[in-house]
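A, B, C and D are the chain letters, set down in written order, and residue numbers restart from 1 in every chain.
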Amino acid sequence: MALTKNQIAQRIAQELRDKWYVNLGIGIPTLVANYIPEGIEVEFQSENGLLGMGPFPIEGTEDADLINAGKQTVTVLDGGSIFDSATSFAMIRGQHVQLTVLGAMEVAQNGDIANWKIPGKMVKGMGGAMDLVASAENIIVAMMHTNKRGESKLLKECSLPLTGVGCVTKIVTNLAVLEIKNNVFHLLERAPGVTVEEIKKATEGTLVIDGQIPEMRL
Amino acid sequence: MALTKNQIAQRIAQELRDKWYVNLGIGIPTLVANYIPEGIEVEFQSENGLLGMGPFPIEGTEDADLINAGKQTVTVLDGGSIFDSATSFAMIRGQHVQLTVLGAMEVAQNGDIANWKIPGKMVKGMGGAMDLVASAENIIVAMMHTNKRGESKLLKECSLPLTGVGCVTKIVTNLAVLEIKNNVFHLLERAPGVTVEEIKKATEGTLVIDGQIPEMRL
Amino acid sequence: MINKTVKNVTEALVGVTDNMTLMLGGFGLCGIPENAIKELVKRKVSNVTCISNNAGVDDFGLGLLLQNKQIKKMISSYVGENDEFERQMLSGELEVELTPQGTLAEKCRASQAGFPAFYTPAGFGTEVAEGKETREFDGKMYVLEPAFKSDFSFVKAWKGDTSGNLIFKGTARNFNPCMCGASTITVAEVEELVPAGALDPNQIHIPGIFVQRIFQGEKYEKRIEQRTVTPKS
Amino acid sequence: MINKTVKNVTEALVGVTDNMTLMLGGFGLCGIPENAIKELVKRKVSNVTCISNNAGVDDFGLGLLLQNKQIKKMISSYVGENDEFERQMLSGELEVELTPQGTLAEKCRASQAGFPAFYTPAGFGTEVAEGKETREFDGKMYVLEPAFKSDFSFVKAWKGDTSGNLIFKGTARNFNPCMCGASTITVAEVEELVPAGALDPNQIHIPGIFVQRIFQGEKYEKRIEQRTVTPKS
């Protein structure tokens, strides 16, 4: 069974480590905050200027002056802080944020990522994604393995305009966990019940399968 | 009569304009704050991180955590603010400070200034002077016309290591007010009772004397 | 102390003319200079270049200027919340320069702080870096990005004093502090204008030196784009 | 939330060894990390490079490390308050890199913010620019200055919380915020350590992300260099 979006988030949450500052992109990445493993402390950074981002506010207490990068009303946890945009990207560019999780339209086997533009069609802008992928030491892409037309999103080369080059290290999709090393995808784990063959078929880029591939534990 | 240090400061204070932010160096420049003309408002910036610097504190109220760039205990006026060193020099480099007044060991007729080092003898460091002179649009040097050995401090070329190049626009000494334009000193005003000849004699650099030179009004 | 107050938004915008480059604070609709934007609409200032992280929504924020076709060019990082924007851009009516968000913030800060340009890794190897100088430092590649040059900055703060000192509230801070002092003239509008001395000098977010004009905005709608809440249990 | 507290200064300095590069906050004796400096003396850490705007006075601040000849190299903007410093420098025992104050601050900030280098007009045409790249932007000349690389930052704040958030008091702020996050490990000592949640998130000067270790200093002497006062009338 392919993972649900929540299960992708749950699997990514297993990658969190104690004392990490984490930036979660819009979409599936946001859900990761719901699955922080027991016994570890992480803080979420929102690039519009918030550290220690908490859950959505209790109905009636929402504040127009307190939103996250997705423009959603949020809260600040005890020990959180507010800062301006230049300081926010000082944190990101200065590699003070240990993990970035974001979505993608395409990932290439050399670690390139495309997620901000479809020429002539969609031009929403890159927001903070280019800064994040250019600076983060540790980037996990959360996405579906294939697009709506069933085409692989794990490619030999990206066809869309790039967001960053050679930066993605790990990918968690609805089918698998993969690592990028030496310019190829390495299959690390399968979604429960999904076969290596299914993953192979859904992956256009070069896929290295080394030994037995375990099923994910959720 | 040559001016006293206080009179040099008094003459410089006449250059202040309403709504200017002003950085005063250590020594004679500091005294300028005592002679702000009636009817204008200026604010003093201290490069260690203080805007709206006020007078020395009333005895007994001094605070080790509130000093100026000369390490003297000071006060903050209503409407003042405190900031870090990077922000302080953002103000200076970004040309938000309208006037810098500082001392000098030598000034050259092309506007070069030397005031931070005597090789092998005095090595206190440049502090914020290099940032100030490289960025300020409006720099007034406050100094004695000659050094302790009676040698001119207004030179064809500086002999000491430079603080900045081609940056000084005006000089107020104990003998005269001078302007630097087209790589020569222009005599603007004489100290009361001081003759043009005396000023000529005390000036090593090229001195342009255009018409009658008025006496300063203090 | 130097007094920066102007009577109202009309006086605050004196000197704003067609073809100027304007910086506008805010992230989404959070912390935008609502009064200045309305006045720009009212004055029908046209052909302006706007530097702003976002372009508002169709009927609020910078979207109002877009509806009236007052904007020649937008410099932003994300513009996905505005249909009219997308239409004007795809039809070629509107010039758009999309800039990574951190680069956008630092181009403002560079201008504020007197840096002519800076090297950032953001955008290297992408179309953002096309035609720009790139350079390696310590094995990593960077793109040289110039500081912005802008005529007016319009920012919105929570509290301000007559000396121009500003304090922001929550994430309505965002780009506002970075844009102060980054244009020839910075106009700050505040929810509450207090006398000099009423704010703690240790708690000022933006010292008054970066602000030329300050006024208390008439009213603030503070529209919420995504009202997300946890139901009362 | 992430807890950054360490028990005391001893634990705060774990990992500091000979030959390291250290940043130390403060301007003159104002806002210096008194407890960290005393611990460096006690540990006899030697051959270190110190990045600090000043070098203390003969018997306080970094002067204590100088007396013990623990410092190999000083990177400062002004060192005029210290006779032993001048003696060691002129005799060649001490290596000294004098840096314009604004450049010094920005070399810290560049390191904090992930900029490899920056262009500043300060020092152009002087011996500070010797051997450095210079470049013209818009008719003005600039010097390329690299960011600092440093092992430990020692800073002093007024209040801090267990998440590492810092608030400074008066001009004891100075270089301290710029040095946070500018070294591999930043150690903050505070006059008062409070629980996470006790500080207003809007009023934090340095977010905890830039601080790895925090502790409450045992005591602060806060010596005044120039006690200048207005007599009571």
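By definition in this document, contacts are C-beta pairs under 8 Å (C-beta built on N, C-alpha and C of every residue); 3 or more make two chains touch, one makes a residue touch a chain.
Quick caveat, the model's predicted, so the values are computed rather than measured.
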Going from subunit C to subunit D via touching chains takes a minimum number of steps equal to 1
Common contacts of subunit B and subunit C, by label, are D
Whole-angstrom distance, CA centroid of subunit A to CA centroid of subunit B, is 56
Expressed in whole Å, how far the mean CA point of subunit A lies from that of subunit D is 36
Between subunit B and subunit D, the Cα-mean centres are separated in Å by 28
Multi-chain contacts in subunit D, i.e. residues touching at least two other chains, fall at 109, 114-115, 120-121, 168-170, 173, 202
Listed in rising order, subunit A residues that touch 2 or more other chains are 82-83, 86, 89, 92-93, 135
Every chain pair meeting the touch definition is listed as A-C, A-D, B-C, B-D, C-D
The residues of subunit A that touch subunit C in their complex are 46-50, 55-60, 62-74, 82-86, 88-89, 92-93, 112, 120, 123-131, 134-135, 161-166
Within their complex, subunit C touches subunit A through residues 27-31, 53, 76-81, 86, 89-90, 96, 98, 100-106, 108-109, 120-128, 158, 168-178, 205, 222-232
As the complex stands, subunit A meets subunit D at residues 19, 21, 41-43, 45, 51-52, 76-83, 86-87, 89-97, 135
Subunit D residues touching subunit C in their complex are 114-121, 137-138, 140, 142, 146, 167-170, 173, 202-203
Per the touch rule, the subunit C residues reaching subunit B in their complex are 1-3, 109, 111-115, 161-163, 165, 181, 195-197, 201-202, 204, 207-210
